[in-house]
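What follows is subunit A paired twice: with subunit B in the first complex and subunit C in the second.
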Partner chain A sequence: MTVVGMFLGSAKSRLLPASVPFRFFVAAAVLHVVLWVAVLFAAGDFTRFRGGVGPSLAAVHLLTLGVLTMTAIGAAVQLLPVATARPLVAVWPIKAVFWLLVPGAIALIVGMYATHVGLMIAGAVASTVGLLLFAGLFVDNLRRAGSMPVVRAYGWGAFVSLVLLVALGLALSLDAEIGFLADHAGVALAHMILGSFGFMGMLALGFSHVLIPMFALSNAPKARMAQGGFAVAAATVMLGVTGALLGETMLLTAACVLGVVAASLHLRLMRVALATGMRKRLGLSFLLVRISWVLLALTPLVGLAALQGWAGPDGPTLFGLVSLGGWLLTFLLGILQRIVPFLTSMHVTRSTGGPPLLSELGASAPLTVHAVCHVVAITGLVTAIVLDSAVTAALAALVGLAGALAFATFIASILKTLASAQTRA
Partner chain B sequence: MFTNRISQTLHDEHRATIALMERLERAIIRRLAISPGDPEAGRLLRDLVLAIDTDTMRHFDFEETQLFTLLESVGDHLIGDHLTEEHTVMRPLGEKLAALARAAESGGFDPARWEEFRRVGAEFVQRMVVHVQKEEMALLPLVNETMDSETEMRLYEAYAGNG
Partner chain C sequence: MTNGTGAHDGARLWRAQDGLHIDVRGLPCPEPLVTLLRLIDGGEAGEVLLAHLSQEPLLLYPELEERGWCCRLIAASGESSPRDGDVVLKIVRSPL
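Right after this comes the complex of A and B.
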């Protein structure tokens, strides 16, 4: 039985109080707004960003630690116990994760923006503790799970990546103070690969195996091909991280080539799921998901072009944008606007009786505004990097900000529904 | 896809229902009323009336009287309770939609009736899609995994014979 089945069956006991996942979604929506403000302020050096403390690094972490991680944790703490049919060991640690991670992320990001090493280290330590606590909850659930082997395999991949990611992140923060790393840039690249493709990527690919068939009303992807897809994706991350830590361009190139295979396998599985699904009209959220898949396919190609110098001097910046802002952010925002009403419907009783209509739970117009703005903003940032134009980057950031405000309006309308409804918490 | 013939039959009916819901969805997006004189619109109205009056109601009745009671007898009543609650909301909606479609087949839509058809249709589509989603992901796999062959044969003959 899959996600919906678990929700309907004995899963009411595994349905967390609405406030638990939604605090992460609200944090993600707020940080999404702040992200675009940060991009606006960083427009001057964003197009040539190669790492190093400053506004651009702060903007990157607003995206990764802020929007992507908050969304992923909010979704994972609710979806994983349902998918694995094993409840989380307790609810309070998730709340503790939130209260460690939010102030930690804010301190880290402000420290990066203001080049304040003490704040950065304090933020990194708090974020590390929060993320490790989440990792502990996550792995405890995976360890006890018996179903959905492919989803669990991706979960294990995400867990290992998360542990390595936070370890390297903490080391990078401390290195800014005491300078003990021999190759700061290499470790930073490994940290980026672990974050984008290891932790977030594995979660995105893994949960796609249940969420996409659920929405498209199709069968789960074929097990053998899905297992093959996981093996190639995991090998890609391992090669990429090893290549970054050893400074071996050959290994990084091999990771990009393998990444093409991994992306192709995943997209083929998803294409079959959509083609065989009963539901063809999947709405605006799936437009974003489809766009994210195009960018997933482009990511290893842009990485390869950046490595070989075919993408010009700003190839590495373009690679970061296409993978983080293009693929992952677009995908998560598309999925988030789909699962938030679904989760809300599980907590709300209609005043006139019967289950609520999903369309009654949140405003739809802001999502249209967001989708248009998001696509224009990402396209604008790509153009800004290619043309090395700070003005274009600033304009793109303004459009992105309008989109983020629209998305926050949608989340606010959902919260209003939740607050006014009888909850099952 | 399903080895159990009950699950497979209900799955086939779900596929046909979703296809019909998508046709209805495309029609009610328009602000201007569809005309029963238009071959495609006329076919949609006819198919709606037929599907709701016979297939949908028969499908709901079979699930409630046979499948949910069977699941309840083995201690699993949550799925049946939840899906029955959705049937209870969808039945009057479906009847209203079928009545509007039937009336439009002969007399067409005036603006007020078209608005009502759009409103009822939109709610019916939304509820049906979510309902089918739940049955496909929860009910049919459960029936497929747990029903013995003797019960399968008895219920299949009862359902197919009633078709």
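Right after this comes the complex of A and C.
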């Protein structure tokens, strides 16, 4: 092997086969469509949802375990090795994660929808094994990485949260059968906090330290403020989870206040990255990202209002929607539509020899339709909760469904590009 | 043969007979990408830029293509022995 070949062999190993990250993105896009269908069917009780098995809980898990987790895993397995300069230990475990997680998530969600405890437990066990396998791969890569201490710290935070999240999730599923938890609602809230802010939140905040400067072409955020941001974010999650498990409103209130500080620090870092970046026109994806940041800033405030009863009886439902559907879903869909063409360009070679231009990849009209529908749908759901209107929730779900179909069309156009490139090869 | 050294955003910069060299190894992601593009966009890269990197810069390729630059991986140049994964990328304004 030549020296060049040796270099290529070593470096290329960080670029996974396209089918590996894309299977997660396709699953996320499909489950995104199913999510809005589920919201449509759950519109009757969605606006007053406080937990408990049924269509609304199924819709929530379609969002979290379906769309958010699939997107996060697809992005993490490809971007983490590039960011840490350490390849994943092997590719087959990622495929195993997919084949455990997809059927597991479907079984769990169908079990929740149909109130079938056996299906829920089977789905929870398969999802748990899949997520723990992913956690193992993830933490192995973090352990071997020598650079980017802040991103690694967020990664460790996400890992610990994921382990606790799946443990509590499994306990909640088993509790539906044997009823051993003293405070099911408290554990469910801790599970929600770990999922939204621990696992997904830490991943979103951590990867933002790489992705946002990468897209804006700016320097990495200042280390000291980034470290401070991580410390406050981690403390927020710890306080929130402890408060939920102990049923202590005081701790939950403190978590919300600390959450305001954590969000402010993060948004300040992101604002500096955008302001100092070489690329000013960041396109539609960043419109979604900016909207998600507004909702990130609102999340702890809505949480505080819900805790103190200032947001009315539907405050907790509003908090769940703003954090999961508003901040995280909007952010991940914005990032996904940005990284999918980027990853595709690495796998596709034009007839002229180089990678295709990013502007050549994927249809842009569906993304515009999706962005408009997504914003209208989330706004509609907020209105539905405030007005306690099932009709408004159903209309919002229909608009969301149109947006999800448009997003799936975009992913399909990317797959077509990938498939034709592989046929040529 | 080297003539002139300097630093650019924490990267080592020097000019040799074969073009402008920049060593961005050890910089955290996405600093290598940003540093190289800043040189190119700022016009300091000239016609040929040789970038010493700690891994193949997968994220850089679409950016170079957008700017009408070409690149190819070449063997590491003499002065330092490459670590596992280190690459040297030759980036030129016109097609190779």
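The rule we apply is simple: the second predicted complex is superposed on the first by the 409 of 425 C-alpha atoms of A that agree within 3 Å, B and C clash if a C-alpha of one lies under 4 Å from a C-alpha of the other, contacts with A are read in each partner's own complex, and residues count from 1 in each chain.
Following the convention adopted for this analysis, contacts are C-beta pairs under 8 Å (C-beta built on N, C-alpha and C of every residue); 3 or more make two chains touch, one makes a residue touch a chain.
Worth saying up front: this structure is predicted, and the values here are computed from it rather than measured.
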Touched partner set for A:Met346, first subunit B, second subunit C, both or neither: second
Touching partner for A:Val82 - first (subunit B), second (subunit C), both, neither: second
Partner chain(s) touched by A:Pro313 [first = subunit B, second = subunit C, both, neither]: neither
Which superposed partner A:Gly118 touches (first subunit B, second subunit C, both, neither): neither
Touching partner for A:Met214 - first (subunit B), second (subunit C), both, neither: both
Touched partner set for A:Gly247, first subunit B, second subunit C, both or neither: neither
Partner chain in contact with A:Gly44 - subunit B first, subunit C second, else both or neither: neither
A:Leu15 touches, of subunit B and subunit C: first, second, both or neither? second
Contacts of A:Ser147 with subunit B and subunit C, given as first, second, both or neither: second
Chain touching more of subunit A, residue-wise (subunit B, subunit C): C
Footprint overlap on subunit A, comparing subunit B with subunit C: 2-4, 7-8, 10, 12, 214, 217, 219, 278, 354-355, 357-358
Of all residues in subunit A, those that touch subunit C in their complex: 2-4, 7-8, 10-12, 14-15, 82-85, 147-148, 210, 213-214, 217-220, 278, 342, 345-346, 354-358
Subunit B residues within the subunit A interface of the complex: 1, 14-15, 18-19, 22, 25-26, 76, 78-79, 82-83, 85-86, 88-89, 122-123, 126-127, 129-130, 132-134, 136-138, 141-142
Sites on subunit A touched by subunit B in the complex: 1-5, 7-10, 12, 214-215, 217, 219, 278-281, 353-355, 357-359
Residues of subunit C touching subunit A in the complex: 9, 26, 28-31, 33-34, 37-38, 41, 54-56, 58-59, 61-63, 65-66, 70, 73-76, 82, 84-87
